[in-house]
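Each chain carries a letter (A, B, C, D, E and F) given by its place in the written order, and its residues are counted from 1.
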């Protein structure tokens, strides 16, 4: 397959991430907060720690990590109605909120967390493709900061680290026959196949969601996309570690 | 890896489907209808044909296929509240409805369909794992019957067949370290990894959704699961063809 | 008045029920379940037993029996929107749910039931007139099976039978001047007067709901309709007893 | 059966109505308005005339009459939550709104009305039993005033009177074994059987709704209740005519 | 500035209130109730006393006073949809409910009230401008009656009077360049500036809400409006005292 | 009155604003966008231009400017539930959205705007008191940028400037007996009186909303607060002009 960099309007090579930034400490109230950017996609992730767990988990000795994803009305090219005004949450919002929560829980030891809840709010301030993958990648850092806060404030009884791994996410897709990493919106729209991959820092899979937007895809295409995604997540993992090594803003 | 058939409470081998039945013509009003069973999972799929398309598609010359999935309150072991009574649709319902619709559209030529809409209602009468895969598999047959009805009633102007392929779906998962095909509920609960795979009749992928419920999974496990799923879908495809070759009830 | 059997498209005599079937044990999860058919009208009734009662009844020593009625979207000739999607329950649904619950409670000794709740879900799979009367007739059998289950599982402290009678329901109406029993949809649409009658097995009334759809009706017409209905319920009562005497499927 | 007037706390005889008042012209904006009282039950009925009909009736040449019933939060002995605050209309409200609309439509010639809509709002200011029967009785008078307004303003093309009859409603019930007319709240609570009867001015039935609250009732009890109700409606009809013969307030 | 009484269609002078009536005891169930009229604006205010306070106030030893405002659908010139039917409360309703509650709480000693709640329901039966000011003025009298009821029934442990002042409200506005008191609807529509002022009986301000409907207003106009409003509230205070000195109806 | 600067925890003098920043061009999609900060209060304001107006304004030849205000869940010290999740918008949100829209419309010539709509979304990213005043102040700048965009893209037929003035807003209050400008959250909580004042650039009032949180306030206090607010708005006006004179980010 000819890898043709001309396919990307921003001049990136097919296996190149957009510029990624992870700013910690963006909100003075939250126990953890991150403004994450994948190119022009910008998501504010805040972590809220509360004592106690949802009713169905009470008395289990285990904590709970969950997430809510939403888009500001004009985060997109044309304004969308607010879900609060429509009076209900759309299917896509629900689906992504559940995905973000599930992805984070994959690296959480709920017993070490104790009966505490961490809610990750991921609000898209500006969208340009890949909002869910930016949300997961940023939310993990906000969660890590919240865990540090809990340790500093002795919220957990257990000495064990409730984070048993790290997690990041990236989109991949086939556009004009070429497998590409980290699709911008304009690429996403033209993709024949679109896949979101969520990996742990050690390169294993937490979630793989591939969808044929145009023609169904075959096994060899799937394999190429997985290769690209694993490499992308590995770079995101390094950026997360670097951000967490610095001082919050 | 030792493949141990003892792992399954119903005595199936790891790569064996549950008994599948596909009864056509279960509803006298609908343009297509199927009662599909995967073991004790039973889903009623009806196809409704209406002239016209949603507002955002008007004047495009293209049709629309969409789906709604729901569970009866006591389809499950403990009764769930009705979503109509709660006044909103839950995240899981939304997610599966979208998945079913997307899967069917992958084999539809919307231009051949003309400006007509087909709604597939998939109502779970009894649940025992795999309700979404049964829904997709049954809904495809109901859709095929609806297309025949449209051809018989000359609803479409185009002579082209709006169905450009066939589609079916199956769940796979790793339970106790063993990759298994078509998980029953009791297996699904214990699965470390759970994957739903939607394939066309020619063995390509429409959608792949793999989730680590316990530990993240690695590439070799992913490959084994995909192998199982592709073989399972191939058998479902044969059962769909057989059902469509017979007379509706 | 000339009783003209030609009035009925299916050839029934005016005082004849449609073929009635009552299949028990249709759902493996529910404590009682019945698929009831009055001709082409098909309703799935499940009974769910739970310990405890609604808040306003706590500490009373009395149980509670309630019902929820709903129609699948394509149970009717043209597809109706789902009430869960519209985000609220319609007036007709509310009204019938309340009617089914009230009818069953008329033959329940709530004290004997103890502080337990039985919810009867009546979901119309296919509609052809008389869905509410089929629902009541089927739900009583599901309730009876649930009571047997409670007795077998020693859920109730009291030895008294919480069922103090039996109950069934039938529609009657005047079509083309002729009083008819058990109206099919096509007859119901043409009825000048429409009445639903709910009787106990000993021939007394639990509920009488008569409505003039066209011209108001007089006392003699009302009397004829009540005669027809009482006879119809008596036959349904026999069918219920026969079903309960057999083995569940 | 011993008819014992001592049964009624307000000293009425069993077949006596409470004091009824019908004040017309209670609202300066509405095309018809009535404050109706049955004893301490007080309902404000307003009729609103608008050109045009609901979408499903457009082009039919026929008008539409509908009703909405509601209770003020403290119309009852203990305050009820507002349905607007709860975000949905309860089953009882729905049921009564439908009943009021159906009862009025029974005496309307929709063709003579032309494609105009009349909405009857029946808001209970104070409740003491019989709110739905007071609502129907008052709403008919408000409707009659609205029809006069339409005639005076030449809203209808047809010369025919859109009111082809008159309608009123009353409750009856068996309390302590005694059949009583027009139950006050305290009687209603103790009733073994409760029936609402809606009659035209010529003594025919528009609707009969009888419910066994305690033991099921037999045919002879039903007959006694119908006799009482027909006589009560006849007196209400006279009061409606007297009110309509006077000047509005 | 020329003060021209000709500006008012009902012949009032600019600083004149409409005829005000305050009828106590309008509802037999409520602990306090008032039908208040400002000209053709008519609001039914009921006070409901319940033991206990909202969850967030439990254990504080303090009571709570709150209000709900609503309009009947045909209280206005053209019928408005019911908020219960629309399934949500509009912004204006919310805003006025909050204003009424806040205004009353300004004269309540919540500690003296003890952990009891008083809900003031203000339902507009007929609207002709100034519904919120009539609601506040009437609700205060209903609240005063409810407090007397609580004293008579020894509901409060404290001997202190929970009412530490009196409160009334009036609208003022500039119409055709002339500052006017107590705007009727037809004046309100033409007002360049519209202000609602809520005063205590001793002439201090509880709330001042001034809005430029047309051109922004300057400080001298603001001063004139405040003068008018303070004088108007003083007269309303006298009418409230007179009403409370009489016997309830 | 002793003016004691020690009253303010951040060392400001009573008549001093917090540091204000107005960053234009914060969103690449919106026709105007501003990130406005009043101290730690941070609001993202975007302006969306669409052709056409709401239905009730069609054919009027006039445009429409409206606003929606919302808070991110963790913009505050403790996390609030999302209004989209609760399924309805709270009273405070409604009230502020309406206030922002009204304030902007006071300086708009709707005829010059033509039949176009501008929606201002004001989303609070971090809250520390004064969110509504920051929202109005920032939204005006976003609106001004949107108007420039409309002029550049020749969206309006009229040559007239649709902005006939400028508008800004500030809070004032009495804390510990001292009138203060621009209350931070911690001051707002302790305020006896709280007032929001919206002024045009020429020092006239668009809206004045004063509320006694503790004791009612008298005329001299009101006068002092108005003086403070007018001076504060004058400084905000200068900052808005300076921001609009620069290049957007």
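To be clear about the criterion, a contact is a pair of C-beta atoms (placed from the backbone, for glycine too) under 8 Å apart; a residue touches a chain by one contact, two chains touch by 3 or more.
Each chain and its UniProt protein: A, B, C, D, E, F = Ribonuclease PH.
Here the structure is a predicted model, which means the values were calculated and not measured.
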item: Length of the shortest touching-chain route, chain C (Ribonuclease PH) through to chain F (Ribonuclease PH); value: 3
item: Any chain that touches chain E (Ribonuclease PH) and chain C (Ribonuclease PH); value: D
item: When chain B (Ribonuclease PH) is superposed on chain F (Ribonuclease PH) by its C-alpha atoms, the rotation angle in degrees, nearest 5; value: 120
item: Centre-to-centre distance between chain D (Ribonuclease PH) and chain C (Ribonuclease PH) (centres being mean Cα positions), rounded to whole Å; value: 28
item: For chain D (Ribonuclease PH) paired with chain F (Ribonuclease PH), centre-to-centre distance based on mean C-alpha positions, whole Å; value: 51
item: Of all residues in chain A (Ribonuclease PH), the ones touching two or more other chains; value: 87-89
item: Chain contact topology (line, ring, star, complete or other); value: ring
item: Cyclic chain order when read starting with chain D (Ribonuclease PH) and heading to chain E (Ribonuclease PH); value: D, E, F, A, B, C
item: Chain C (Ribonuclease PH) contact footprint on chain B (Ribonuclease PH) (complex, rising order); value: 27-30, 33, 40, 44, 46, 48, 50, 68, 70, 72-77, 79, 82-89, 93, 119, 121, 123, 125-126, 128
item: Chain E (Ribonuclease PH) residues touching chain F (Ribonuclease PH) - in the complex, by the definition given at the top; value: 88-92, 94-95, 97-98, 102, 106, 165, 195, 199-200, 202-212, 215-219, 222, 226
